[in-house]
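Note that subunit A is present in both complexes that follow, paired respectively with subunit B and with subunit C.
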Partner chain A sequence: MAITQMMKYEADRDADFARWATSQTGGENLRHCIQCGVCSATCPLSLYMDYTPRRLINLAREGFKNEVLSSLTIWLCASCYACRVECPKKIQVTDIMYALKRRAIQEGVYPKRFPIPVLAKEFGRMIFMWGRVNETLLVIDLFLRTNWFKFLSMTGLGLNLMRTGRMSFLPDSIRRKDELRKILNALEADKTEVAK
Partner chain B sequence: MADNNANKQQPNGLPRIGFYICHCGSNIAGTIDVADVAKYAAGLPGVVVSRDYKYMCSDPGQEMIAQDIREHKLERLVVAACSPNLHEETFRKAAAKGGLNSFFFQMVNIREHASWVHEDKKAATAKAKDLARAAVYRVRFHKALEKQQVPVDPNVLVVGGGIAGIHAALTLANAGKKVTLVERESTIGGHMAAFDKTFPTLDCAACILTPKMSAVKSHPNITLWTYSEVSKVEGYVGNYKVTVKRKPRYVIEDLCVGCMECIDACVFKEPKFADKFNQGLGKRKPVYIDFPQATPKVVMIDPETCIQFKTGKCKKSCAEACDRKAIDFDQKEEVKELQVGAIILATGFKTFDAKKEPHYGYGKYPGVFTALEIERLVNASGPTSGEVVLRDGKHPKAVGIIHCVGSRDEKTNKWCSRVCCMYSLKLAHLIKEHSGAEVYNFYIDIRAAGKAYEEFYDKLLSEGVHFIRGRVAEVTDWAMTPEEEGKLVLRVEDTLAGFVRRVPVDMVVLATGLEPQADAQEVRRRFNIGCGNEGFFQERHPKLAPVNTFTDGIFIAGACQSPKDIPDTVAQAGAAAAEALVLIDAGHVELEPNTSHVVEEECCGCKSCVPLCPYTAITFDEAKKKAVINEVICKGCGVCAAACPSGSIRQNLFEDEEIFSEIEGVLGK
Partner chain C sequence: MKYLYFPGCSLKGTGKAYEESLLAVFRALGVELKEIDDWNCCGATAYMSVDEAKSYALAGRNLAIAEREELDVIAPCSACYLGLNKAQKSLQDHPEIRARVTKALAAAGLEYHGKVKVRHPLDVLINDVGLDAIAKRIKSPLKGHKFAPYYGCQIVRPFASFDDQYDPKTMDKLLAAAGAENVTFPLKTRCCGGSLTGTVPEVGLRLAYIILKEAKKRGAEAVVTVCPLCQFNLDGYQDQIARKFEAVDMPVVYFTQVLGLAMGLSADELGLKRSIISADVVLAGR
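Coming up: the complex of A and B.
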């Protein structure tokens, strides 16, 4: 068992990150958090989380950037909004989770081969290309990027789904894709602006 | 229920006794077979009526007793119910209503003493019978007694001129009572006068306090004695004789108008002595006034630093500068006497000595301050005119506020001081506002229980003040990383983040807790009241008599009773004033007749009782060589009666035959 230093110095803190986190949409209320922990208690996925949502909020507003962005918590959040419903301070925990996910992807610090960020990224890429998601390609892409063996073991199920017409190889597409891309690009630019 | 014939004669010559036992719902009847006890009591010698009833204290219950007294010509009354503390007075009144002297009555406590403390129904019933029998045996010997009435002096003494004393004095004075307000320091105002803003509204402490201070000074019903202390208290409720020492301030109060020209004229050109009002952060001259709004606005001379007092060879330029000739180097202590009916103690608190927590470095690192020092620093009329600066004049970029200093700690003070969380939040806000520094609060719990207090906490959270939950272990100047160089580092477990942190700051503020005044024990002895374990004055009942003490006519208000904030202090001061008014406006007090008296012809004059009396109610008549008991002062403790070697001291309601027959009753069958 390796002994590592757990104590944090001021240098481990990034005050800019704290400022960024509390300026995100939904993050304005972060400062109001009274650390009651009802978010963690109500979260159906907190049992798998390395940091509970309550702790993550505390770390984010104190500026412990590395801990926050590399945590599994943000990727495990299933956006069920249970925490948002329970929060006595009306903190938009789910929105904050999305902001943190985007930042983690931007900085490339999410856990490699972890399916959720890969899925999110591929999902976004497909929407950008076609305006629609092709499940077959998305699933294949996801497995190839994360877990080869899983891909092999799921082949049977995949073929059955295709045979019954539940999944198709043919990418579906929308009209006026250019306009959608314009919108998405504009949103992205806007977001980068806010991040600054 | 057993009811003997009303016209039955008492051949044994015993007085006719009525016995009543209460069910108290199921409180008593659930454990004690009340009907069985009633039946048993009916057979006791002298008992002519014996009844049980669901609620004896109710109106029908009392009416039943009064009616029985009339119908059955009862001469004595015994009620077996709850504690006499609760309903003795109720049944005394019921007896009087029936035409019986109230003291021909004995109460038996079968609730607190039997049903509530036993589970075995049979044994509890047997015990109730024993207790009932004892009372029946005793009550035969009861004598008719009358409550004595003593007039009450309408004047009131208020001790302590902080916000509690000020508010109590003004309330009483506005009600038309003459009040004397005695304050130890040279000005009234207390701690509140030193504060900058008040939580949670952030209104300026001086702005709301000084109008009340000047109202005290100008009120026709208030006599204000500052720089004075109560040295002796004699007498009893409604009639206290108080001795007050007025310390010399070497300035004639009636002549001084507070122009402060003497201060300008002082041979010390620059202020050079630590200014106590500013927590030593500012400087003053030997002739000084605490602050511009000091009340009374009278200067004083500190003989410890004044050259005239130290050497006798000063130009006395201050005295020359005073055209009203108010400076008097020969002023002596004055002793005054007062007659008052009630006393309100509002002697306040002191803060915990931060040096007792050496790991926080107070007195060692110049960057460590107490909260009271910061109050003066952020105050616009303070030594820095409101600028938050370190002792070296630099501006702090990061400030750490440590909560619970000396509080919630078995090693120092066990209690929560109630105000530190809120004043720390207030100081955090003010420091951030005045200096723009990053502010960290290190807390164990945030206790923001009060009107608009939680909302104030929320406001602080939104202002971006850091809240780190954990008790700081140490303040050190030992740097472990480059950014800690030249800083004070606080080591703390951030229990919410889940790891230990080192937080470097420039300024540390210690939120010291509240303690009883250093001389609280002496004061409580002087006023003959009690103190709790922690040393705060003891109220008569923690919920139902919070401003009364165990000594009638002496009331307490404010932080001398327990740590409290300004709203609670003012509320309590108002309550104490109201209690004093109740006493005064009644015009007289009724005294319990359970007092002792000396049977003169039997007293041998040995004086053994005299020093034993805890209330100093016994004096010795040298002419007659007999002890004399002042029944007005006597509280009926019985010490003298027990100690008298000749048995010449008798105590009403506790005469020998009463006690012996009670013992016989409780032991007999």
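Coming up: the complex of A and C.
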């Protein structure tokens, strides 16, 4: 029987990741967390998460990078802000979740074919193209990239939306697309500058 | 009275009925809404997972365009309302992000000073138009109709600028002014599932089901909402909810549709035919 290390030594933790997490918008007071668990108790999604929000906060600030970035927890957060409102230490849990999602996308460590990060990226692409989001096209794109079979189960909804005139297959576009692209490109260039 | 209007993508798509009823109600109240010129997507919840500064810049472009006129902005969609307000607050609190965003906006010839107020239609109806003025416009009160007032997450969280965070009441007051009865609804601000209903249905459908089931248990004939995503989740997925849990058969309408009916506007101009679960029960007695 192979013996594997089940827990981490203190030295195994990623101190850089812990420093990064506590420097993110909303993560400044991550160290103040008293692990009371009110976030997990108010979270309507915590019962589906692999780490409850309380545990995730603790893992993030201690530098358990892989556990945190590959968790389902960050993707199940629906941004309802219930935890943030209740936190006695005013920790902006929702914003920390956003920062962790961004890092997970950057590092490409999210669960493969998992629809939420794909949705987020497609959403960004659509905005760059047209400046607005067409929900119908976004959903079709999402299912083709993740699970086209599941798309079939959505046909009932699609027909209902068509019947009630709530579906459109034409992208709605802004007029001054160049203006918006200049803004987004300026920030992209700025980011590369910061990285250097 | 005049305001700038930020519709957002949903009100031009799956949430058309919200735009139709909102514009009709404000027109009837004599309040002018001017759509912000060439507005872009607010970024919703998805874009914040991709890029923080760009997400604030998306809001920044809209706000910079809005600033050219000295008017408050009305944002009816909860995600837009929060997205725009959150950007204002973050750009105020974090000078380093603000510097990057204003520089990027300047590259496109836009100026952002953070002086626009972004408000929810509930706030404007209660605090600017006023309940008295609205009560005077009620032509056919919704006597005997019982509703579950459902506010969802993002208009009272994380900021609560015009209503109570735990027990919001502005919509309750409007529905009461329209002659309807509000059932006690403890799930007023509970999450509808957001985008999870589409992306992880095994989880999202349960959240939507919980809201619908509670409304039924409380004796409501319809759930009244203020958000296009809540309306979409609660109305559009009921056949899937029926397959997975049980049939609830609960109409889900916008507060502007109910208010409009009481003001004597027609079901057609209020977009009531756009509900997937028939909202005819709301029309009973007219």
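Here, the second predicted complex is superposed on the first by the 172 of 196 C-alpha atoms of A that agree within 3 Å, B and C clash if a C-alpha of one lies under 4 Å from a C-alpha of the other, contacts with A are read in each partner's own complex, and residues count from 1 in each chain.
Assume contacts are C-beta pairs under 8 Å (C-beta built on N, C-alpha and C of every residue); 3 or more make two chains touch, one makes a residue touch a chain.
A quick note: this is a predicted structure, and the numbers were derived from the prediction, not measured.
*Asks:* Subunit A superposed: clash or fit between subunit B and subunit C?
*Replies:* Taken together on subunit A, subunit C would fit alongside subunit B, as the superposition shows.
*Asks:* Just checking: does A:I116 make contact with subunit B only, subunit C only, both, or neither of them? Give me first, second, both or neither.
*Replies:* second
*Asks:* For A:I174, select first, second, both or neither according to whether it touches subunit B, subunit C, the two together, or no partner.
*Replies:* Second partner only, subunit C.
*Asks:* I want to verify one number. Taking the Cα centroids, what angle sits at subunit A between subunit B and subunit C, in steps of 10 degrees?
*Replies:* In the superposed arrangement it comes to 100 degrees.
*Asks:* Have a look at where A:N147 lands relative to subunit B and subunit C in the superposition and call it first, second, both or neither.
*Replies:* In the superposed model, A:N147 contacts neither subunit B nor subunit C.
*Asks:* With the two complexes superposed on chain A, say which partner A:E62 touches: subunit B (first), subunit C (second), both, or neither.
*Replies:* After superposing on A, A:E62 lies in contact with subunit B but is clear of subunit C.
*Asks:* For A:A78, using the defined touch cut-off, is the partner it touches subunit B, subunit C, both, or neither? Pick first, second, both or neither.
*Replies:* second
*Asks:* By the touch definition at the top of the document, which applies to A:A11: first (subunit B), second (subunit C), both, or neither?
*Replies:* Only subunit B is touched by A:A11; subunit C is not.
*Asks:* Looking at subunit A, which partner touches more of its residues: subunit C or subunit B?
*Replies:* C
*Asks:* Can A:R31 be said to touch subunit B (first), subunit C (second), both, or neither?
*Replies:* First partner only, subunit B.
*Asks:* Just how close are subunit B and subunit C at their nearest CA atoms in the overlay, in Å?
*Replies:* After superposing on chain A, subunit B and subunit C come no closer than 19 Å at C-alpha.
*Asks:* For the complex, give me every residue of subunit C touching subunit A.
*Replies:* 9-10, 12-17, 38-41, 43-54, 57-58, 60-61, 90, 94, 97, 100-101, 103-105, 107-110, 153-154, 157-158, 165, 190-191, 193-196, 198-200, 203, 207, 236-237, 239-240, 273-276
*Asks:* For the complex, give me every residue of subunit A touching subunit C.
*Replies:* Those residues of subunit A that touch subunit C are 25, 44-45, 48, 75-76, 78-82, 84-85, 92, 94, 98-99, 101-102, 105, 115-117, 119-121, 123-124, 127, 131-136, 139, 142, 153-154, 156-157, 160-161, 163-168, 172, 174-176, 178-180, 182-188, 190-191.
*Asks:* Using the touch definition up top, name the residues of subunit A that touch subunit B in the complex.
*Replies:* Subunit A residues touching subunit B: 6-11, 22, 31-35, 51, 54-55, 58-59, 62, 64, 89.
*Asks:* Quick check: in the complex, which residue numbers of subunit B touch subunit A?
*Replies:* 457-458, 461-464, 466, 468-469, 480-481, 483-484, 494, 496-504
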